[in-house]
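For clarity, chains are labelled A, B, C and D in written order, and residue numbers in each chain start from 1.
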Amino acid sequence: MLKGIILKIPSDDTIVETIQTFVENIGLTAGVAEEDVTSLSIAVMEVVKNAMEHGNGGDPKKLVTIYIDVYSGRLQFIVDDCGTWQPDSELGHEPEEGKALISSRGRGVLIARNLARWLDYGLNPEGKTRATLIWPLT
Amino acid sequence: MLKGIILKIPSDDTIVETIQTFVENIGLTAGVAEEDVTSLSIAVMEVVKNAMEHGNGGDPKKLVTIYIDVYSGRLQFIVDDCGTWQPDSELGHEPEEGKALISSRGRGVLIARNLARWLDYGLNPEGKTRATLIWPLT
Amino acid sequence: MKIKQEIKDGVMVIRLSGKVISGPDLMELKTVFQTAVNNEKGNVLLDLGHVAWMDSSGLGVLVSGHTSLTREGSRMAILNATKKIHELFIITKLITIFETFTDESEALTSLKE
Amino acid sequence: MKIKQEIKDGVMVIRLSGKVISGPDLMELKTVFQTAVNNEKGNVLLDLGHVAWMDSSGLGVLVSGHTSLTREGSRMAILNATKKIHELFIITKLITIFETFTDESEALTSLKE
């Protein structure tokens, strides 16, 4: 089983597609069904793009670290950035009505959480933002 | 420019294809011509497979670390494993005649060096095997 | 992502296929919407029948397009969203602002006015 | 990698396409060579015209196949190696042990006897 994969990447838009493909292939290797790997990769990339943009302010010198592990029955992605953001409560479940609804932003976390079913934010041992996303394997 | 990418992977055959695709995509992003990216990825993967097999003895708990950096005019891959192997001299340039020639093994380094033009082995600061492969960008 | 445009019964039909996700292609889609807005006279039918995947950036472009068109007094409707995309609209509640159709001629009749 | 086999003028022609690199497909190629060896009576023509890439593992399987066939008194020749693959044969000096052809009927004439 795949265990211990660690990927560190600069906060650089040009690498996003490469990482998305990488996540899809990891998914296939881990046994995610072919028709589900893009959903998986979209979920993970919503989180990774937020880490690059909001956590690291788009500074290419700041890295995003992705830890990938396969456990029995689940594929786990941990995404660390250099920020210290930690949402007070589960965010993203309830998009507001009215103005917020027609914003062109603000749906990344929501989409990731809905696709992956499990997405949690917290701080890593160094006190930096850590997102944990779990994809069930059947 | 892509700088600071670090990828740690278990010494596990099942992940080789995923990494090869990843290297191809990194190559494309860094500006390697479309018709050259597979040569690049074959060169890098010969080195990575040796690190998994010879450096780490195929033990999936032992990781191979790949550092990827784009500098002006070149794309650099550093591949570290957990072994302490260091060839005395440039190996792989001259396959022997006779028996060695018809061996089914022993061409990986040779191929990597010829495709990449630059491949060097040495030890990293921790005294472990480090391969440095450079691909020129034009 | 591929973008095809045609005028049908006076409606601008924009057909997307492939992945509508962050990347250089999305800029192109933005421009297409901008052109439709500047065009002034037309409603827009967005055919998503061959779009398999969309991320938040793709949705963002659709929402901006919708908003700009509405501001100009035009309408934008969506045709043939796949099950996955439809679910995305539900998750994000965008289903409440997007008009959707599953039949092209019906959509055109409604939009041509 | 795709593998196609046919018997032509009594020669077993094996046509490969795609990437001949490490992975599960290589095992299949090994089996094909093994079958050719057990077959006993045939020379082998290996068509690499549609092979774009090969790595050291792919080369290893070719060399093993060649060695086993030679041991049985058969010959193996290579047809239509692309420029890249031909260079690989030169780099690895395998060019000195592989018979190569660029014309199929010429190769078959030489191998059928």
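Here is the rule we go by: a contact is a pair of C-beta atoms (placed from the backbone, for glycine too) under 8 Å apart; a residue touches a chain by one contact, two chains touch by 3 or more.
Since the structure is predicted, the reported quantities are computational estimates derived from the model, not experimental observations.
Chemist: When you check each chain against chain A and chain D, which touch both of them?
Modeler: Both-contact set = B.
Chemist: Provide the C-alpha centroid distance between chain A and chain C, rounded to the nearest whole angstrom.
Modeler: It comes to 27 Å between the two C-alpha centres.
Chemist: Per the centroid of Cα atoms for each chain, what is the distance between chain C and chain D, given in Å?
Modeler: The mean C-alpha positions of chain C and chain D differ by 52 Å.
Chemist: From the mean C-alpha coordinate of chain B to that of chain C, what's the distance rounded to whole Å?
Modeler: 46
Chemist: Mind pulling the chain A residues that touch 2 or more other chains?
Modeler: Chain A, residues with two or more chain partners: 17.
Chemist: Out of chain D, which residues touch more than one other chain, so two or more?
Modeler: none
Chemist: Name the shape of the chain contact graph, picking from line, ring, star, complete and other.
Modeler: line
Chemist: Give every touching pair of chains, nothing left out.
Modeler: A-B, A-C, B-D
Chemist: Taking the complex as given, what residues does chain D use to touch chain B?
Modeler: Interface residues on chain D, with respect to chain B: 19, 21-23, 52-53, 55-57, 59-61, 63-64, 66-67, 84, 88, 91-94, 96-97.
Chemist: Chain D touches which residues of chain B in the complex?
Modeler: That would be residues 13, 16-17, 20, 38-39, 42, 45-46, 49, 95, 97, 101-105, 107-108, 110-111, 114 of chain B.
Chemist: Which stretch or stretches of chain B touch chain A in the complex?
Modeler: 1-10, 12, 14-15, 17-18, 21-22, 25-26, 28-29, 60-61, 63
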